[in-house]
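There are two complexes below, and they share subunit A, which is joined by subunit B in the first and by subunit C in the second.
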Partner chain A sequence: MFWLLRRNMLPLYLNSVARRPFASSPPPLPPAPLPCPRETHIWYVVPDELKDASRLNQYMELLSPCERQSVLRMNGERLQKGALLARTLVRTTLARYTDGRLSPKSFKFRKNRFGKPEVEWDNYDLWAPPPLQFNISHTSTMIACGVTLDLPIGIDIEEKQRKTSNDILSLAHRYFTSVEVAYLKTLADPECRQSEFIRLWTLKEAYVKALGRGFSGAPFKDFTIRLEASNGKQVTGESKSDGPSIVVEAVDDPGILMNRWKFAFFELNSHYTAVCMERDVKNPADGENNSLKLKVWRTLPFVEDECVTETDAVKNIIR
Partner chain B sequence: MAAAAARSALLKHLRLTAAFPASPRRAAPLFFAQVLLRRRGFSTDEARGTFLDKSEVADRVITVVKNFQKVDPSKVTPNAHFQKDFGLDSLDTVEIVMALEEEFGFEIPDNEADKIDSINVAVDFIASHPQAK
Partner chain C sequence: MASMSGTAIATSARPQFAARAQVVKGFSGLKSVSFSIQRKSFPSVRLQAASRRLQVSCAAKPETVQKVCEIVKKQLALSDDAAVTGESKFSSLGADSLDTVEIVMGLEEAFGISVEEESAQSITTVQDAADLIEKLVDAKSS
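Coming up: the complex of A and B.
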């Protein structure tokens, strides 16, 4: 692909005089209304839908020099494209919520003290930028970016068909809590056990990413994620009663649910997707505040955006 | 002089065990060695857990990684990075860590496992860990 030649021309990016001028700047992205306090917005891109080399070049121009170097350090075209699209997705998604005031290129990022990426906002004279929080996750076939207004968020996606090298129960014994292992053992069907393992894995990842303290900051063995039926009893085996909800509790404090966090788990474009978001405590709990609201868009940045929230692309939502 | 004789007996023992295949994972120390090392204040646990040779560790780590089904064997080099070279994610890394634990016979704590993101780091960690077999 044409854009890979840039690898040998890397210094050009750092020397703006030698830089090839853009024929035209990318078209502005349609502005999007900000997420409500209880909402997570998810934008996702399917790498296979993007084959146009000049489009990928256009995306490359949006990245910081540091990000470009990181992209080019990936081994091979497929991994480079994935890394490029991930940064493009984050920048273009955030830009949508600034009402046209910020371009994707102008965003700066930093990491919190545990390594979680966050936006570094400049000071603007007459405008207060929205306090957006975001998180991304990717597989080789999809990249997703979740955005909230001022609330910590974590997102994790896995291909539905994902297989593990190790036996499910070995993995679970090693990394999950005894409650979660016991739950997996109630599932006799190996495929069901496989998919429930992946479901638990993505939910636990999403929680750790929302917390923002890294894998070792919130060890998987220290917290249990499970489904709680609406009558308060734990859901086991295949029996899922109406409206079970996903809850998290500390292993040291079983029975005390960590209500600060709410979850959603659903199928998105043949991927299991888990979202964890902090509850908005500024607005006191009412009936509606109990569940996480979702809005989902499929995007090819600067090409097309499609809202898929009420479509078949988003299925089997559990909150 | 007795100490020198004891030392060379100990060294002879160590050379012999090196020739054995890896499967008898714990080489039973000679009574002699136990007595000697106790006198020096070492525990016999530490005596059993000697550090592995780094190039042997590297070979074994590379084999484990090459056998991982999501890894393209042609991309495996001693400097390979799990994410940048193989596109592995956190679940893959956790699976590789489990495979390394099986290969080297010791459990890697989660806060250390979190840092293992490349073959180099895995090799350094295992080669510096006395429990590795």
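Coming up: the complex of A and C.
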């Protein structure tokens, strides 16, 4: 099924204001209330659920010319579709929070000095756009976009069944801290070790992405992520106390938790999902123990949205 | 995990030398050397004026590039006939950060080298990886 716009069918004009849509204009997206200060909103797409060629062409219309070129540079149809859906998800998700004032197409993006993508807001006369921050992650079977109000966020997803080519402990010795390696060694069951490795990897990725300094700006070996029991003791493979929380500490400064960051880890649509969000220190109600609140929607942009927060789709939440 | 950069196709960071070598004075017999350009990316050509022979050093041997392609295809579970060449960017092939580290470890094992994290960060294409490998292999054997 060849759904892509061929190169010679790409619009010749670059000025998006002057252009006419290729297909009919998409219906407006239902507006969504803004995330609260402690909340992360997550919207996700399952690529396999979208097969309609005209729908995919409609999505292509939402992208900037540069984004379209990037999509077409991906190697093969499957990867191109994934890239297209990722940009579509970001644009449609952000548009939902503007109360109908901004269309998905009108968003502009830039990178911060470390390369992290962020929204570039225009100046509007009578309206202050919400200071949304976002981050995306994708696998071949799911794309997720996390949104907060004015707080740095990182999200990382991984298929639960992901297998590594290299031995888990070899990878861990190379990329993880000694505390994390020691934790993995306490797990005798190889499957358990495998899934805990993936869990740690996604949490570390989410933290690095929240920091926004890139992989080299926050090397994995410089910080440890672990579970801390409510009694303050480290959680090992054998002992899991009630309500452990995910904490991060610098290798150079063990024992000093970096409280600025809070985490959530859960299973979503057969994926491990890790979210890292900066604590809202401006808000006095956000005390030290307030954990990250989540709201999750499954979406097929312009087709259907489903809130799955309190359903089976979201499982085994650890914060 | 990757986000779209939205930039135009990145040209190779390596300067593209003309495929026609300069005439070197005092060079017995040889007036000019020319190479036909078969592909878009072609090996850089250096003249070692200091030595008395014309030396051509390629960026990386085709066999090295080929081997890297094989390892990458295997890690990313791409089919044998998937279009992977020296110019292929890892991000365009769908490699995420875990894939990238696994590819680096696979290359280390295949070539008997050790790649520093800083060097690994600078690899964006298959050609970059092949060039780095040959540099490390040469450094190891010299």
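Throughout what follows, the second predicted complex is superposed on the first by the 296 of 319 C-alpha atoms of A that agree within 3 Å, B and C clash if a C-alpha of one lies under 4 Å from a C-alpha of the other, contacts with A are read in each partner's own complex, and residues count from 1 in each chain.
Everything that follows uses one rule, which is that a residue touches a chain if its C-beta (ideal position, glycine included) is under 8 Å from a C-beta of that chain, and two chains touch if they have at least 3 such contacts.
These figures come from a predicted structure and were not determined experimentally.
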Based on the shared subunit A superposition, would you classify subunit B and subunit C as clashing or fitting together?
clash
Given the touch rule stated above, what does A:R87 touch, subunit B (first), subunit C (second), both, or neither?
second
Looking at A:C307, would you say it contacts subunit B, subunit C, both, or neither? Reply first, second, both or neither.
neither
So, A:A53: does it touch subunit B (first), subunit C (second), both, or neither?
neither
Quick one: classify A:S64 as touching subunit B (first), subunit C (second), both or neither.
second
State whether subunit B or subunit C is in contact with more residues of subunit A in the superposed arrangement.
C
I'd like to know which partner A:V281 touches here: subunit B for first, subunit C for second, both or neither.
neither
Check whether A:S165 is in contact with subunit B, with subunit C, with both or with neither, and answer first, second, both or neither.
both
Clash list for subunit C against subunit B, restricted to 2-10, 20-28, 38-46 or 128-136, contains only 128-136
Output the subunit A positions appearing in both contact lists, the one against subunit B and the one against subunit C.
73-76, 79, 82, 139-140, 158, 162, 164-166, 170-171, 174-175, 201, 205, 215-216, 219
Subunit B partner contacts - residues on subunit A that touch it in the complex:
73-76, 78-79, 82, 139-140, 158, 162, 164-166, 170-171, 174-175, 201, 205, 214-216, 219-221
For subunit B, which residues count as touching subunit A in their complex?
68-69, 75, 84-87, 89-91, 94-95, 98-99, 110-111, 114
Which residues, counting only subunit A, touch subunit C once they are in their complex?
64, 66-67, 69-71, 73-76, 79, 82-83, 86-87, 109, 111, 117, 136-140, 156, 158, 162, 164-166, 170-171, 174-175, 201, 205, 209, 215-216, 219
Over in the complex, which subunit C residues touch subunit A? Could you list them?
1-9, 74-75, 82-84, 88-89, 92-94, 96-98, 101-102, 105-106, 117-118, 121
